[in-house]
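In the two complexes below, subunit A is the common chain; its partner is subunit B in one and subunit C in the other.
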Partner chain A sequence: MGYLVSVMTFASIWAVLALSLNILTGYAGQVSLGHAAFFGIGAYTSALLAVKAGWSFWPAFVAAVLVTGICGALLGLPSLRVRHDFLVLATMGVNFVVVAVFKYVDFFGGALGIVGLQKPQIFGWTLRGWGFLALAVAYLLLTLWVSDYVRRTWAGLAFATVREDEDAAEAMGVSVPRFKIYAFAISAALAGGAGSLYAHFLGSIFPDHFAFVESIGIMSMVVFGGLGTLRGPVVGAFVLKILPEYLRVVGDYRYTLYGGVLVLMMLFQPQGILGDNSWLWKRLQALYARWRPGPQPRPTSRALSAANPGDDPAPASRSGRVNPGERTHESENS
Partner chain B sequence: MSPKTADVILETHRLSRHFGGLRAVDQVSFQVRQGEILGLIGPNGAGKTTVFNLISGFLKPTAGTIHFQGRPIHGLRPNAIARLGIGRTFQIVKPFSDLTVRENVLAGLGHDLYPTLRALREHYLRPDAVRRADRILEVVGLSEYADVRAGTLPIGLLRRLEIARALALEPVLLLLDESAAGLTHHEVEALGALVRGLRDQGITILLVEHNMRFAMGLCDRIIVLNQGRILAEGPPEAIQRNPKVIEAYLGHSGRVAHR
Partner chain C sequence: MTLWNILLDTLTQGSIYFLIAVGLTMVYGILKILHIAHAAVYTVGAGVGLAVFRLTGNFWAALAAAMVVSGAVGVLIYRGVYFYMLDQPRIVPLITSVGLFLLMQDLLQKPYLMGPYQHAFPAQDVFPSLTLPWGTVPSAQVMILVFTALTLGVLYGVFTRTRLGLAWQAAAMDRDMAGAVGVNLNRAIALNFLLGSALAGAAGVLVGVFYNSVYATMGDVPSYKAFVVIVLGGMGSVSGTVAASFLLALAETVLLSSVGYVLPRDAIAFLVLILVLMFRPQGLLGR
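Showing the complex of A and B:
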């Protein structure tokens, strides 16, 4: 039972990571393969404050969210100058640099990492096992709420315009740099909180926990579930995090699984298994419509689309969002 | 109407844009007057779209100035120029394909909120915003497509969507980049009526046009560009008779022009 609780806690933390990357990549269209860097910055901020300054979990958690958000905004700055494929390379570079700093700067504990973190306490009661799982799930719910709220705001609409066409976004009065920075900051802040939870759950952290391969894993969860949706990243994270724990065969080849998922989804179902126009999601909606008496259900899909997503064919642009190459010429020929 | 006494709302002074050795726009000075429909015509490569991109901030001038309502706007970013009240369409349409037609227009209605922190708090699907978006869709005749994903519209409707989005900025000046291109005869006529209607509401219009008959019938005044320079300027009738214009368009045998 303890093992299951532990696995579910990790899955919840990774669901937050997937949802936070979804804000950057799914909403604002900025493909990042360096998301583990923000995860790491949050974890190290929280761990250093706890170990070196003696902070308890709660203020350290808040600090991790804020510091990572600011780092996100700063690390987003270089991305203003690059688009598409080059952005992917730049974010990868950021990931490697951040991990190298953790590893080679003594202040961050070097390769030995940071150990001896305490579990959070609330009213004198230490959160472990189910208690910590409840905390992780609560943060996941908060992240879901933030994701949903942001999507419905003018900023959420601005993110969508930046994703769809940067020139047209500017022509609508949207400052593309400003909203890219917003997306980086919000995305990073949420991932920073996940890092803090992770650090205090494990009790010790090491630079390699936040390596580039983890970024690939997070991206594959988002893409597997369905980029741009809320359900997709959550389901993607739970499936791809739990599967390797219980299937020995898969567990030994975890990163092969993540890479393979990315390739297969891009080829056969770029909108993800639960994307608005995916095979599975349409079947589920059809089942739901038959099971539910009365009028046609309101589309439960992305709030951005008021049309019934089951009715219209998948426009090519949906896949283009995660395929940086496809967009390049579109915007270059203007 | 008497354009001579009307106010100047946009003025370019010796506006130039060079691409390497190519002088795409070369010392172009002209004025746009309040309430007129001004046409910018010229053969392919004359620099028309470059002038549009300079005014709307998508390109920075190599030299020269642009003033809008008395203030310099060269050097401003496109989003700042849009918020000042210059709406533009794109010759190669750039819809937000994955959003609905209504959301495409809503995106423009948010223009004065984007620089504020209210953008992060306020929901965009507010009844008043939706009402305004729907009214604009009605003006351009896209009401029945409000909930359709923009990426699925045919080109004729996308050109109208471009105009609808620009109208959402509540523009003082509207830049139309070849809005008639690729439209059927019937659609071109509807477009002409729409543009006249907008002018009657007080919006000044600057349009780039390839469709000669459309431009001649619609514009109060026409500027002809050729190889980055202004070749002629005047009312459509004078432009049609201008030998330099006829030569630029048709080569030396001006006879064809009488058809």
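Showing the complex of A and C:
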């Protein structure tokens, strides 16, 4: 049982990482293969404050979120100059440089890392096992809420325009540099919190925990689940984090799996298994529409256009005033 | 370090960088794909070369086998994967290529292929060492320098004197237009992958002999270094790649011999990469 709890805790932390990368890559379209750098900056900030300055978990956590957010804004600066694949190269470089600094500067503990972190306490009660899992899940829920909130705000719209067409966004009066930096800062801050949780859960951290290959792992979780959605990164992280722990074959081939997932998804389902227009998600939506008793929900316009491209939604369902028992056009079609 | 040593180190390192990066440059020039899995092809070449060398004891057979197999792997990667995503946004093949690299390298680390060990490659005495008035060139370095000189000559000839080279140049300028005027694009691109990957395989063997060690993760550093080289050289220009390879090798050798060890070599290279991307995205020698 303890093993399951610890695996679930890791999966929740990685779900936060995947969601935070999703804000940067899925919403704002800035592909980064250096996300583990932000994870590492959060972990090291929190660990240094706890071990060297004697801070307890909670202020160290908040500090890690803030410091990583600021670092994210700074390390996002290359995105103002370079786009697309060059940005990917630059973020890879950021990842390598950050890990090299952790490894070769004595202040950060060098290759020996930082050890001896305490588990967080709340009202004199130490969070371990289920308690820590609850904390991780709470942070995951907070991240989900932030992701959803960001998407619904003006910034979310701006991110989408930057992702789709930077020149058009600029022409419409959206400040592209500002929103790119916002995306980097929000994404990094969330990842920094995950780093803080990770450091305090393990009790010790080493530079290699935040290497480039972890960045690829996070990216493959987002891509596997479905870029730009909320469900995708969470499902991707849980599947790709838990599968290697329980299937021995998969465990031995963990990185083969991550690599293979990236290749196969890009070849056959670039939108991810649960992306808006993916095979599985359309099937699930059809099933849900058929089995759901009582009043049908108003399908979102995105889900509609994804499920039936070129098919105009029925006026009743578009207006939102759906009478109880009325069948939506989806079930009529099926 | 004497001047002679610095010169020799620069020439050797630069040759190695060039042999690895030239395939990447050629692929980027035509397809605009950052082909990260190229470094895994290089490791495959080293592994095949070592296996054949152990079987036959003949260095030339090993080199030939490495070039043939890694060339075939390169063509397979193009026909099996990249071919289907030429019209996608450039991010799609890039992520694919990262995945391919991770997948191939992880498989190479399995005990039935190369395992997590370093293997010796005892083929140091194929060439005689060269004694010049101002110093000696060890045989492994003679080998690398001779091979690089040959490669440069052949590449120059192919690029400027053959229809294939013309087809590559045309495809690099405008792929659709080249296809429209009758260039057999599939063949040209496949041959491009074949040559570039074969050179990477050869580089794998040469580096394996030079350091007398072949291991599954030997592609790690070259994969990122090669990007530094092609960005410095102004993406997709072969002559720029030649210059950038030797420039980077010179900078590293001089820095390491004069300043010493502050950050590891790779971190320095990446710092340079980020700065170049921010301030001269077209490359040091770009237009």
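Going forward, the second predicted complex is superposed on the first by the 294 of 334 C-alpha atoms of A that agree within 3 Å, B and C clash if a C-alpha of one lies under 4 Å from a C-alpha of the other, contacts with A are read in each partner's own complex, and residues count from 1 in each chain.
As a convention for this text, contacts are C-beta pairs under 8 Å (C-beta built on N, C-alpha and C of every residue); 3 or more make two chains touch, one makes a residue touch a chain.
All values reported here derive from a predicted model rather than from experimental measurement.
Engineer: I'd like to know which partner A:Lys52 touches here: subunit B for first, subunit C for second, both or neither.
Structural biologist: So A:Lys52 meets neither subunit B nor subunit C here.
Engineer: Output check: A:His84 vs subunit B and subunit C. Expected answer is one of first, second, both, neither. What do you get?
Structural biologist: The second partner, subunit C, only.
Engineer: So, does A:Ala171 touch the first partner subunit B, the second partner subunit C, both, or neither?
Structural biologist: first
Engineer: Based on the superposed arrangement, let me know which partner A:Arg292 touches: subunit B (first), subunit C (second), both, or neither?
Structural biologist: neither
Engineer: One more residue to check, A:Arg283. First (subunit B), second (subunit C), both or neither?
Structural biologist: The answer is neither, since A:Arg283 touches no partner chain.
Engineer: Where on subunit A do the contacts from subunit B and from subunit C line up?
Structural biologist: Common interface on subunit A, subunit B vs subunit C: nothing in common.
Engineer: In the complex of these two chains, what residues of subunit A are touching subunit C?
Structural biologist: 31, 33, 77-78, 81-82, 84-86, 88-90, 92-94, 96-97, 100-101, 103-104, 213, 216, 219-220, 223, 253-256, 258-263, 266-267, 270
Engineer: What residues of subunit B sit close enough to touch subunit A in their complex?
Structural biologist: Touching subunit A from subunit B are residues 56-58, 77-80, 82-83, 87-88, 90, 92, 94-100, 102-103, 106-108, 110-115, 118-125, 147-149, 151-152, 165-166, 168-169.
Engineer: Tell me, which parts of subunit A touch subunit B in their complex?
Structural biologist: That would be residues 150, 152-158, 160-161, 163-165, 167-176, 178-179, 182, 303-307, 312-313, 315, 317-318, 333-334 of subunit A.
Engineer: Which of the residues in subunit C end up touching subunit A in this complex?
Structural biologist: 34, 81, 84-85, 88-96, 98-107, 224, 227, 231, 262-264, 266-267, 270-271, 273-274, 277-279, 281
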